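Shared between the two complexes below is chain A, which has chain B as its partner in the first and chain C in the second.
Coming up: the complex of A and B.
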């Protein structure tokens, strides 16, 4: 089996992500704004209650927020736009005719789309929130470095798994889209789930204690929350191995179940359009 | 469908025309009741979850920077309800760049003997934000129930603040549309003022640094339509030293902002050059 078709699908979506440079800058401004509002809110909440022992220090909460903001486009907010269009117009039959494994074909396109959007934004925001913020004297508000060299390396491994996991969840949205013939449902369900459960809205460690084990165990935590915890060196129950283990578990489970669901969907797919 | 045709001899007044367009838009959206219900529920759940985030902060730290949860809930409800109203009315301005300027179909609106503002308001009366609206109202009422010292005057001031807030957000959407005459495509940066405004409006003003406080007081009158009316309704003294009564008058700033944006719009339309077809 040749890898080439999958690499081509990847390359195409990657380039689409890089095409819109103004959108990258616009996104940067929006992320800086949301980051600034959130950071100021956290800072005044922390300062008003100096005696509370929170699971994250203020500095860690700020770094968490910056990384989360910079990886916003890595979240599985909905289906791959190209598949949404294909489902609506009926062009999805062409994908069915290709002599490739359809799961891998869509997965490589979905992954490339996420990375093509997220990588330039993340690098840019990391530069602005990290070194640049230090230079202009906003060091206290900036993105802090990793806890250690080892945690940086492990975080890199973990975020790679996180990107794969996110693309796998996008696959579920893709199948949902193929099933309902409209991308709207996947966005209506995917966006709130991803924003809340990944820790975008509030760092997962800051939720009430009784809900935290559930929040760590659900698949969306594996996208950005676990890599960020490893980067910050905040304790995960059971250590880094639990974090990576959870990511691998969800990656495997969602892939196997997703492939099953896809086969079933393809078998009964009714295509609209001519 | 009854009453959709009109004899050409009768002309419609502005409000009559708007009612007609709004009615058609509602009928169209209810054509797919399933989609509508899913989207409205999604909207409700998304916004409710975002309050759960604030509540979790409160739960962990005992206060939101010294503010009680009731006051924060009133602020949160107020800004969300106001934004939901503006989102419902202003959909035409939100999609203006992509659907009117880039395609050149704005030329057709200019041929019609009615104000372009009225025609764009009639583009769509969007029902989906009803989720945000109901959720905001729910949190607002819960906040009034939880907050100490709720004044009876809140019954007048809060609707007035919602109207002012809706006017302000509508002004942002009109300003965003006017910007499309230069940029052609809509610029997502303006989301900083709409969604970002909602984000900033749901926290008390004292939590922000001075530059942001000034921005959301004097550039975008967000504090005038959220923060001060809330303080007035709850008889809460302002830690920044403004007299409380200011909250009863300040929502007027939302209307002033809308007025300025309408002037900007009219200037922009006067200088419009079609992108061709």
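Coming up: the complex of A and C.
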């Protein structure tokens, strides 16, 4: 089996993701704004209760927030836009006519789209919230460096798994889109789930004790929360290995079940008209 | 129970059935009802033939096309295309066919035609040399030179359809499936598409399966027409046979510079319309040959002009559908 079709799908979506330069700048401004507001809220909460032993220090909460904001477009908010369009127009039949493994074909495209959106934003925001913020004297509010070199290396591995996991969840939204012939459902379900369960809204370590194990064990934690915890060096119950293990578990489980769901969907896909 | 693959047939279909289960009322607990789209059809298409596949809307054509393309799984029956079962060998099967759905686009809206073709080259794994050759040949035959670098969204419908056909052939498929390839096209574009398909079949021996509602496509291209209705094959013959068996009558139109006279007609001919200055006579050429009828009316007083015509292909097919309540 040649890899070329999948690299082609990846390349195409990567380019499409990079094309919207104004969206990158607009997104950066929005994310800086949300990040700054969240930071100020944390600062006042932490200063109001200096004696409480929080699971994250204020510096850690700030860094967590900056990384989350910079990785916002890595979240599986809905289906791949190209698949949404194809489902609406019926051009999705052509995807079935290509001599490729449908899962890998859509997965390559979905991963490329996530990375094409997220990588430039993440690099820009990290530069602004990290070194640039320190240079202009906002060091107390800036994105802090990794806990150690080992943390940095493991976090890099973990965020790679996180990107793959996110693309795999996007695959589930893609299949939902192919079944309902509309991308709307995937966004209606995907956006709130991803924003809430990834820790984007509130860092998962800051939720009440009793719910934290469940939040860590669900798949969306593996996208950004686990990599950020590893970067910060904050303890993960069971250690870093558990964090990586959870990511690999969800990646495998969602791939196997998703492939089954896809096969069943392709068998009953009845595109109207033509 | 596999039918042995034939060396000469590109497509063999036997006793193909497809039933759709639809939910009525749209609720979770709604009753389901089965709709029979294909009710046991059988046919085969030899290599290098252009077969027209026609039928009214909802007859089951699209279902059959989708099954042959490998994107729909039938309820029962056997199909072999190039010796492969489309829905069990999907990847191997689709690598050897080209498909154009006239109402859909397979090229990428945001890309130029050339970029789209290059992507298809990668998807189908076409070697660079063969790609360059095919691209040049298709660009020439389909007159794509001027639009190669335009993005697909900027193309007119006629230009886009020519690009779509090129896209479906970049990997040298043995079989080309055209689903309404001339829909919405202007006359020159239709003629260009027809001429191209004709040459493709003649020069490269590509097998073509064509569905259309434009009977002129069928008349111009198809050596054979398969008429489908209610999920069954109603006729499978050269088009001329369909004409002979369905509507073999001719029409004689007479123009007069005064009121047409009353006249007695020989057996097999009858008056079908009378206007202030013209008369239409329909006749069966087997009962009364055209020269005899012309001789019979030729001396009528005040006759200015006369024309003999055959029913149009649209009239024939309308009559055929009506006869079969299709």
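We adopt the following convention: the second predicted complex is superposed on the first by the 273 of 274 C-alpha atoms of A that agree within 3 Å, B and C clash if a C-alpha of one lies under 4 Å from a C-alpha of the other, contacts with A are read in each partner's own complex, and residues count from 1 in each chain.
Operating definition for what follows: contacts are C-beta pairs under 8 Å (C-beta built on N, C-alpha and C of every residue); 3 or more make two chains touch, one makes a residue touch a chain.
Small disclaimer: the values here were computed from a predicted structure and weren't measured.
Once the two complexes are overlaid through chain A, chain B and chain C fit side by side, free of any clash as defined at the top of the document. When the two structures are aligned on the shared chain, A:267 is found in touch with chain C, with no touch to chain B.
By the touch criterion stated above, A:18 is placed in contact with neither chain B nor chain C.
With both structures placed on the common chain, the touch criterion links A:98 to chain C but leaves chain B unconnected. Our angle of interest has its tip at the CA centre of chain A and reaches the CA centres of chain B and chain C; in the overlay it is 90°, to the nearest 10.
When both complexes are overlaid on chain A, the residue A:2 reaches chain C alone and has no touch with chain B. Shared-chain residue A:90: touches chain C; no touch with chain B.
By the touch criterion defined above, A:40 lies against chain B but remains apart from chain C after alignment on the C-alpha atoms of chain A. Superposition on the common chain places the nearest Cα atoms of chain B and chain C 10 Å from each other. Looking at the complex, you find that chain C touches chain A at residues 20, 62, 65-66, 69-73, 90-92, 94-95, 97, 99, 101, 103-106, 108, 110-111, 119, 122-125, 179-180. Of all residues in chain A, those touching chain C in their complex are 2, 4-5, 7-8, 12, 16, 89-91, 93-94, 96-101, 267, 269-271, 273-274. Considering their complex, residues 23, 26-27, 29-30, 33-34, 36-38, 40-41, 44-49, 52, 54, 182, 184-185, 188-189, 191-192, 195-196, 201-202, 206-208 of chain A touch chain B.
Those residues of chain B whose C-beta lies close enough to touch chain A in the complex are 35, 38-39, 41-42, 45-46, 49-50, 52-53, 56-57, 59-66, 187-189, 191-192, 196, 199-200, 203, 206-209, 212.
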